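Chain naming follows the written order as A, B, C and D, and within any one chain the residues start at number 1.
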Amino acid sequence: MSSIFQSLDDALSAIIDGCMVVVPREVSGVPMAATRALIKRGVKRLHLVALPTSSLQADLLIGAGCIETLETSAVSLGEFGPAPRFSAAILSGTIKMKDATCPALHTALQAAEKGVPFMPLRGLIGSDILKHRSDWKVIDSPFGNDDPIVLLPAIKPDVALIHAAMADRFGNVWIGRQRELATMAHASNKTIATVERIYDGNLLDDPVLAAGTLPGFYVDSVAVAERGAWPLGLPDYYSADADHLAEYAKMAATPEGFAQYLDKYVYDKRAA
Amino acid sequence: MCMTSAPPKVRDEELLADVISRLIGDVRHVAVGNASPIPATAALLARERNGNGRPYVSLLQSRKHNFFTDGARELFDCAGQGRIDVFFLSGGQIDGHGNINLVSIGDYDHPKVRFPGSFGSAHLYYVVPKVILFRTEHSRRTLVPQVDFISAPGANAGNVYRPGGPIALVTNRCLFSFAKGRFTLDSVHPGHTVEEVIEHTGFDFDMPGSLPATVPETALPSPATLKLLRETVAPQLAEVYPQFAAQVFGVKAFGDGEKALTV
Amino acid sequence: MSSIFQSLDDALSAIIDGCMVVVPREVSGVPMAATRALIKRGVKRLHLVALPTSSLQADLLIGAGCIETLETSAVSLGEFGPAPRFSAAILSGTIKMKDATCPALHTALQAAEKGVPFMPLRGLIGSDILKHRSDWKVIDSPFGNDDPIVLLPAIKPDVALIHAAMADRFGNVWIGRQRELATMAHASNKTIATVERIYDGNLLDDPVLAAGTLPGFYVDSVAVAERGAWPLGLPDYYSADADHLAEYAKMAATPEGFAQYLDKYVYDKRAA
Amino acid sequence: MCMTSAPPKVRDEELLADVISRLIGDVRHVAVGNASPIPATAALLARERNGNGRPYVSLLQSRKHNFFTDGARELFDCAGQGRIDVFFLSGGQIDGHGNINLVSIGDYDHPKVRFPGSFGSAHLYYVVPKVILFRTEHSRRTLVPQVDFISAPGANAGNVYRPGGPIALVTNRCLFSFAKGRFTLDSVHPGHTVEEVIEHTGFDFDMPGSLPATVPETALPSPATLKLLRETVAPQLAEVYPQFAAQVFGVKAFGDGEKALTV
């Protein structure tokens, strides 16, 4: 069996222009090294599904012109303020926004995980989110008192892109408590993982590690990317780099500052 | 406890946390979303006051004060099961019907201002029995007659399944309770007035007896509460909100709270 | 905080006559010590949901007269043959059987886990299982080509009864890869766990153990029951006792033999 | 490979496993349910024949040959995703329309015989592209004109979503293929005859050219296949089906295959 490990660029080759990519929320291990590699390569017209929210990752991809459609419940830099490129893109109408609410995205991916065309969810009725989502339907529940309930169509991404602590040579990836990464992989056609390091052995052989492992069966390629979530944190591993995020918030406030940020931190022009 | 000396100076954050902790009441589980240091302080205060580890407090930003092991979905599933009793929401705009707007100002397709987005509000607002609205900026810009975009409505007509909804709105100026689709001014914080609240509120609200003079002043935290806040709650908070804890309580966190993987 | 650990009988006190109890399949850690205690206590009229199948546990409870309604996809002793008390009860009409198919039960419990009144599932149309389940509905999917799809109502048991390797004094239970135990707990009003042993510490403090842990928040009582799944196996711990299961299959083939089995192994009349 | 000596004696189980392994074909993932030693043998044989670790083989009874980590639900979710290419089903009764009965004989409410139940058949039969029916007892008792209870139907009318279904039925006497709602007798195993198959089959089926004489004999496993089965597959099988492996291949398992928890 040839190794599942590839170079970062090779591992990302399935993410082609125009494809639908699902990524995890800002605290679940965001593949930031992979995100920078995609921007460097110049990927275009992505349909990004951020499950269920995003911070730096969506803002960077939007600012760099990689996103055509964004489907998420919120984009924010948290304590570092609003996400400036996201806000600018919405105000200027340069991306198509599909506003959602967090559990709606989880539910739509669970529908894909189960192979059903839709799943119901409570809430949403009377919200303007629903009003702007013609792809969501309301039916009267056939159980109970005919109360209305929303049905959400399954989201089946082309690629799930994740970052995690470790993977073994069988492609098994240890995801720990970030179980939404498993749902993302189950729902998606392909899964690409970056990891901090290689685990020497088979993660499924140890009952304790196996409990937190996404099986290699679902994983198409893996690349080692040390501190690959930087400047965001990786649960159970390292915290976010607050100084860097503050710097980003400041620089990305203007298009010029954002371009400088890309030059400095993405396009490897540090030495210039 | 006998207190004859002058009461210690109460900070605004301490007053608000005390108000919120009393709203929490006798429940099993309080969950607090991201970037909510004052509600987090209130939830921890409610727990420490009881002294029996209850209510469960889930601070979603924390690893330690958060028992979830089933991924990002578990919070919402847990709420759907009826297992979250209290949650906190805010809004770029909040209107007199309890509608909250976390999306945008102006026309949705051509907005003038964009906020981050609705987060889980369009679900949690429906299924959590006690949702406490919290907004420190109390102005006609934030408290409006009608929100431009309803992220989640304050109430639903017909037979929509809705065991949850808003019970109160806490601002830097006052405490409103919410019932039957309207806010009632319950108390005004020390140093603020009913007239000031009326002036800075964009929506109509009720008053007890409909007379400004009958609105009580918000009670100050007791010395025992302040002691709990400063000595017991603040150190726990510092792990999740280090800047806030340092600024308000002068308390520093030990380490970064992240327990490293040792495999 | 008072200890969550109780005696086996005390821990089981929430399982009262007539209540709905969900139990796991024969290989996921079956609370057999608890099952024997319930029979000894003489519990009656249970609505047993076996997720999604059962072996010795359902057969014992049926034979001992504890079951009014059984909802499952299959009861069998596997390589030791049919489940004799189950078969006899069906032929004589002494229990009410709600036949299902495995993923239908998983789905119905997931619906309860999500707090929705129903969930859809592929398959089932054209099956006589559906014909005999008036509580299941068929709608034309509002997504796609109006194809019919089955909606299953949520199952919300009164009690989830599980057995696992270990629990700590906070009620956290290590369930490993048996993640259906978490869904059972989430879906049920109360959860009772028996465990092989007490874990000295907090299972949630270790990121690796936490990944396989059901939080104590969902757990109402825990009792230590060493080899509590015997004569069935406990994954990652011990295998099934094949000799005993063969003995059971032989004895339970007749009502008299079954009564002797109960005397010998359940009612503690071994010494007699 | 040059084989001049007499071929080694072929056991029935080896022949059936070989037939099934050829039906599996070039796929990514084969799953095998409980109490199915011959299909498990066939799946492992298909994998060892390719020599590249593919297809993935999930033996649901095994910890080692089973990658699932998301609980008992994952098998069915995986199938729903279209990620299981081959599965095996059987039936207390199987009829000529490919309907299978795992529930009861007689009236459902007052049955004469009760089987264990439908297991996952009413889902897997619909969503797994290649379902291979397997029943070693080939008789008019098991292969009937019409099953008494349809656990899962062989086909669906209308626009029912159904990417999966039966492709073949393997018995101790023969191999039937299944297409367009009917079985066709593809081959008769060595030592059996077409007449015997007709005599013991309760349903109508097609024959190539509609003449008994044109039905070929099932090919014996090649010596290379037998070697793989006996030397490579059997030891792996012994972990999951120790009795079967000992009886058919004379192979013993090492330990009980259960890796103990060491926390």
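By our rule, a contact is a pair of C-beta atoms (placed from the backbone, for glycine too) under 8 Å apart; a residue touches a chain by one contact, two chains touch by 3 or more.
These numbers come from a predicted model, not from an experiment.
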Self-check item: Result of counting contacting C-beta pairs for C-D and B-C, higher pair
Solution: C-D
Exercise. Work out the mean Cα position per chain and let me know which chain is farthest from chain C.
Key: B
Quiz item: What whole-Å value do you get for the distance between chain A and chain D if each is reduced to the mean of its CA atoms?
Solution: 40
Quiz item: Which integer distance in Å separates the CA centroid of chain C from that of chain D?
Solution: 29
Quiz item: Hey, how far is the Cα centre of chain B from the one of chain D, in Å?
Solution: 59
Self-check item: Residues of chain B engaged with two or more neighbouring chains
Solution: 68-70, 76-77, 80, 127, 259, 261, 263
Self-check item: Touching two or more other chains - residue numbers and ranges from chain C
Solution: 110, 114-116, 121-122, 149, 176-177, 182, 207-212, 235-236
Quiz item: Between which chains does touch occur?
Solution: A-B, A-C, A-D, B-C, C-D
Quiz item: For chain A, which residues count as touching chain D in their complex?
Solution: 1, 112-116, 172, 182, 186-187, 204-208, 210-211, 213-218
Exercise. In the complex, go through chain C and note every residue touching chain D.
Key: 24-25, 27-28, 51-53, 72-76, 78-79, 82-83, 86-87, 90-91, 93, 99-104, 106, 110, 121-130, 132, 145-149, 165-166, 174, 176-183, 199, 209, 233, 235-239
Quiz item: Considering the complex alone, what residue numbers of chain C touch chain A?
Solution: 107, 110, 114-122, 137, 139, 141-144, 149, 151, 153, 175-177, 207-212, 235-236
Quiz prompt | Residue numbers on chain D that touch chain C, as the complex places them | solution = 34-35, 61, 63, 68-73, 76-77, 80, 102-104, 108, 110-112, 114-127, 149-153, 156-161, 243, 256-261, 263
Quiz prompt | Touch list for chain D against partner chain A, complex | solution = 29, 52-53, 56, 67-70, 77-83, 127, 259, 261-263
